[in-house]
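So that you can tell them apart, the chains are marked A, B, C and D in the order they are listed, and the count of residues begins at 1 in each.
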Amino acid sequence: MFNSFGEIFRFTTFGESHGRAIGVVVDGVPAGIEFDEEFLKNELARRKPGKNRFSTQRKEDDLPEVLSGIFEGKTTGTPIGVVIFNKDQKSKDYSNIKDIFRPGHADFTYFHKYSIRDYRGGGRSSARETAARVVAGAIAKMILKELNIEIEAGVIEIGGVRAKNEDFEYAKKSEIFALDKEKEKEWIELIDKAREEHNSLGGVVKLRIKNLPIGLGEPIYYKLDNVLASAIMSINAVKGIYIGNPNAHKLTGVENNDEISKNGFLSNNAGGVLGGISNGENIEIEVYFKPTPSIFKPQKSIDINGNEVEVNLKGRHDPIVAIRGSVVVESMAACVIADMLMLNMTRTIENIKKIYQ
Amino acid sequence: MFNSFGEIFRFTTFGESHGRAIGVVVDGVPAGIEFDEEFLKNELARRKPGKNRFSTQRKEDDLPEVLSGIFEGKTTGTPIGVVIFNKDQKSKDYSNIKDIFRPGHADFTYFHKYSIRDYRGGGRSSARETAARVVAGAIAKMILKELNIEIEAGVIEIGGVRAKNEDFEYAKKSEIFALDKEKEKEWIELIDKAREEHNSLGGVVKLRIKNLPIGLGEPIYYKLDNVLASAIMSINAVKGIYIGNPNAHKLTGVENNDEISKNGFLSNNAGGVLGGISNGENIEIEVYFKPTPSIFKPQKSIDINGNEVEVNLKGRHDPIVAIRGSVVVESMAACVIADMLMLNMTRTIENIKKIYQ
Amino acid sequence: MFNSFGEIFRFTTFGESHGRAIGVVVDGVPAGIEFDEEFLKNELARRKPGKNRFSTQRKEDDLPEVLSGIFEGKTTGTPIGVVIFNKDQKSKDYSNIKDIFRPGHADFTYFHKYSIRDYRGGGRSSARETAARVVAGAIAKMILKELNIEIEAGVIEIGGVRAKNEDFEYAKKSEIFALDKEKEKEWIELIDKAREEHNSLGGVVKLRIKNLPIGLGEPIYYKLDNVLASAIMSINAVKGIYIGNPNAHKLTGVENNDEISKNGFLSNNAGGVLGGISNGENIEIEVYFKPTPSIFKPQKSIDINGNEVEVNLKGRHDPIVAIRGSVVVESMAACVIADMLMLNMTRTIENIKKIYQ
Amino acid sequence: MFNSFGEIFRFTTFGESHGRAIGVVVDGVPAGIEFDEEFLKNELARRKPGKNRFSTQRKEDDLPEVLSGIFEGKTTGTPIGVVIFNKDQKSKDYSNIKDIFRPGHADFTYFHKYSIRDYRGGGRSSARETAARVVAGAIAKMILKELNIEIEAGVIEIGGVRAKNEDFEYAKKSEIFALDKEKEKEWIELIDKAREEHNSLGGVVKLRIKNLPIGLGEPIYYKLDNVLASAIMSINAVKGIYIGNPNAHKLTGVENNDEISKNGFLSNNAGGVLGGISNGENIEIEVYFKPTPSIFKPQKSIDINGNEVEVNLKGRHDPIVAIRGSVVVESMAACVIADMLMLNMTRTIENIKKIYQ
């Protein structure tokens, strides 16, 4: 609860945007997995702000220090503690936002909930926290790799402009993780325009999981889909999620049901989940991101004493969080799948006997 | 996990569609609440299939037997066990579906996960289970009533036809929980047509929560929004969810940010949640239901031995689950809010002192 | 939490002593296990009060009704709901204890905690609740039987008189689950004397678990020993527990360390647990029960208004709870072991591959 | 689970004895508490090995670095991450124990459970981990201080020699946390003798909690006593626990029941807990520690290939862990009480209304 996610594969994050460090403890990792620290760093680099002009922000070096849980290059079954010290922790002047609530941010709610608030860069509510999730996700992916399960995500819509194609291989090379090469240029122009106008854009991320075994997901309240929803909806700026064909609610039963042949399902409107359990098809999910709340135009707000003020933010921010967010979506999904793999293996006496006899 | 939901207010359901009974244990209910058994029965009646021609199905009497946790009309703080015996448990002939996987149903995945499956009426995966959720939700609503928190839901879209108005008062009187009186007739015609054609329809439910205190929701992984998402996405046939303005991903930051005045927020694109914490505005959520998978046309499928077969279902089923589903959405939301109320009160030392000093 | 125990194998109990029913929902049971209803009834019979003169009390028929989770004689992986209706629910007159706090009972603390109290027969705090644990334990034992793991318990001390021998086979036949045939007569005399004097006796139960695989227990906070301690210390009237040689704290390291040979450990002071993990030796645990608090002599107490009163209880009660308690100790231990078996199987990538490849 | 403890006040530890660092994330801390870093350091100093000749071992500087959760000297409600880097991490030669299982240690079980083992200084199973618990306990004590709840512990028995008095004030000044000034000298002589003989001693710690409100503890499975048992039994080398009068199992009901007057209970055999709920009296608990398994005499064992070997350990070790262990007992108890305080405040509608109205 609070700052942890998962049942068996369970991680806990801590740290504020401009505090001393952020970090994560990943518990429940099985022993005997090759720990690929380069891969971990690459995953963090993929999420890193300032990587390109489309998601410029402060420089985060994001050097993860692995403090425990690894011995002679392998996981030992003990918790993996990872810390990333905040290099960008300089004594910036926050006097302009110290006592006001930025629209679209969590300033207002944190203050009212806790009566105290670390206002530096959003504190705990900053997207900075998602770096810790990416660490957990990278470790989860190391487990999934052993079973050839693949998790991939890319951008399918920006500023209301929708992709026509879905090319996950292309997204891997794209600067903006674009799933559609043909829309990429238009999207980049939209982003540039938003930045120039001190505005920001929403977007949609598509997630796909391949090679998942049949049977993952624990009905009724730890289904594959509702837990993925919980994981992904916890990401900053995510407001909606849809599993499978995002028009399912407009379809009839005849159109929407996926018929079955001896070679598998004849369609995948279900997005790979039936009754909360994976059916062997690809998991397909759309994730809806709101536009970045940090914009650089005057906005009406109030201060902590209830006085009306005009908010004028300065600085550099991501004009669109969906791009970097796609890496976080992958990470959260990887953590869920790792958890579900371990839970599911305990669900039949045949499996139990395979281990103990 | 598995068949439980919630942290403090935590319920556990059990029972199969055509087993002996379904039931629920509601734990974590505070002591001292008037237990309104009539209200509980009314809530079950609202969900009941066969209530009208728009959701005909078998007769469920749904008489809840309260087995524990109440003394002299009040909750005692001990778990409330409630059982509903299945009256409709007659030895129907299931030989036609015993060995086949109905498209759109969980037959395929349950069989592969567990190697055994109670095929009678869908067994555990049947929407019958949601009656147990409504019991939990009714108890949660008894708590919320003490704080004047209101939870209401209705249908905002059927078969692709969208409401123009949102009138929650009207929905309470509407046979199909229609939020828009002017669309009601058209929707009823669509449903009738689908039934005649042995087909089914998807739909969209809108949920609204009023009078919620500021501060509910526990960042980072037990946020108000991601837990509501988990709760609601666990409902049968729900494929998507959106919190706040369902076009947020198409908007710019200037359009989407909710500015603040001394009288509150000037808009509510956020749907009442900022940083995972309630901001005092109404919670507004859209829920996307797929069409009922039970249709009465021939469909391609396979049997448990992998042979291709044609599935021909017979009987009466709801042509649209979204209508009854709206009651379940309310129930799940009520449970989440009850849980969040109790968690949040522990989050400051000022609150703790209010209790112990 | 509250009324649930376990992580994977997790059960939830409900019900008051003189309410309508008590019951349990057992979640996380693997699919495919033969459900032995006769065994379940036998386990309840072993715990049943009134079975013999040594634990006379009211008649409980204790007929368990299995409501879900079983299909064609096997577990299906869905939750098993079991209810036992209270036959002995007659409108007894409780006016003598309604407003007073019986010494040694939970009357005082329940009243102060909840401001309301079901005073009929102790309500939720009655040992009646342990029948629900025995149901869960019986199901756990059905799992353990598949792996030949044996759980057995008996009485090793009554009224300060200690056994000289430990014969678990004899205990199974003994009316008072005596581990020492030679002490049995003396113990029975002590019990008879206590009953005649309207007094009660404490006792010690010894638990032994055989054929446990090496590796069960999840360090650091879900160790085999601390979870067994939690499970067993939650039983009514248990005040202490000791794992392994109960004199370990008086020994030196030279005396206490169990040396190892190629055929196993040369002694078992550790009681089968090292670092919280089973080491392949028998688990051995002593459990310390206080005397039954229900005695039939005048006692000083206060009423709910703080007035001093003399308490004079009437009726028939167990003069010693340790005897029946030994069945509950077994049950709780069985549940813990079932849980640990499933958790442990997820702890290496080798095991995961055994299932998914 | 695994490496976390608690429900609301919940901490997670990580780190191996000779890894890069150990640490803890403390979640669920209420906002608004003065963070006393000096007190935190003092608590670690009390536990520190090498503090005196009675618990010499390696030098641990144990400088805690607080990475998050504190702002302007107060807790913010976000998780508090604390890391202690291992200064003593030098490349010591472990070749003598690398492949063998030290008797009384967890070497054997960790290796069989995980198939891999960090053998350096016991790795994760080392008592080094308890420093992280003391950090969590110190934070819990900061909460308890706000309500004047006091937690104190001392040594009541060493090497079979029992105290006659219990003076918790004296224990605070005593080099060996002796509860009995008159036994202190004898105990020190026993310890010196054990060290000279390369042997070790067991002992008993007594814990006392004062000024606890009535009502803490959540029946039936999260009782105050069974959760304290779980917390304390998870500490390295603890083999038993007893709540209240440790002879309760030898007493009769007449002797053991605590009668009640208008001024409170007339005795405290119950140790402050009835029905799993605090009754306002002092909580009193005895904790039984086995002797340190590290002894410096030849012992029989096997290596990882099953060959019989003679183990000859060298170095400096605590001849008795109970002394330092008493600080860890206090810490775990403090964490449990902090958790229980927050859970209990949610248990009546009156309390909920106090917060929200």
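Basically, a contact is a pair of C-beta atoms (placed from the backbone, for glycine too) under 8 Å apart; a residue touches a chain by one contact, two chains touch by 3 or more.
Molecules present, by chain and UniProt name: A, B, C, D = Chorismate synthase.
Predicted, not measured: the structure shown is a model, and the values here were computed from it.
By that same contact rule, can you tell me which chains touch chain A (Chorismate synthase) and chain B (Chorismate synthase) alike?
Shared contacts of chain A (Chorismate synthase) and chain B (Chorismate synthase): C, D.
Looking at C-D and A-C, which pair shares more C-beta contacts?
Of C-D and A-C, it is C-D that has more C-beta pairs in contact.
On a C-alpha centroid basis, what's the spacing between chain A (Chorismate synthase) and chain D (Chorismate synthase), in Å?
37
Between chain A (Chorismate synthase) and chain C (Chorismate synthase), what distance separates the C-alpha centroids? Give it in angstrom.
44
Cα centroid separation between chain C (Chorismate synthase) and chain D (Chorismate synthase), in whole Å?
About 26 Å, centre to centre.
Among the residues of chain B (Chorismate synthase), which ones contact at least 2 other chains?
Correct list: 1-4, 7-8, 13, 28, 31-32, 77-78, 113-115, 124, 219, 343, 347-348, 350.
Edges wherever two chains touch, nodes for the chains themselves; is that graph a line, a ring, a star, complete, or other here?
Graph shape, chains as nodes and touching pairs as edges: complete.
Once bound in the complex, which stretches of chain C (Chorismate synthase) touch chain B (Chorismate synthase)?
The contact residues of chain C (Chorismate synthase) facing chain B (Chorismate synthase) are 1-4, 7-8, 10, 12-16, 19-23, 25, 27-28, 31-32, 65-69, 71-72, 74-81, 83, 113-118, 123-124.
Would you mind writing out the residues of chain C (Chorismate synthase) in touch with chain A (Chorismate synthase) in their complex?
Residues of chain C (Chorismate synthase) touching chain A (Chorismate synthase): 7-8, 28, 30-33, 77-78, 143, 146-147, 213, 219, 341-343, 345-357.
Which residues of chain C (Chorismate synthase) touch chain D (Chorismate synthase) in their complex?
My answer: residues 1-5, 7, 13, 101, 103-106, 108-110, 112-115, 124-125, 129, 157, 159-160, 194, 199-204, 214-215, 217-223, 225-227, 229-234, 236, 239-246, 248-262, 266, 269-271, 274-280, 286, 288-295, 297, 299-302, 306-308, 322, 343-344, 347-348, 350.
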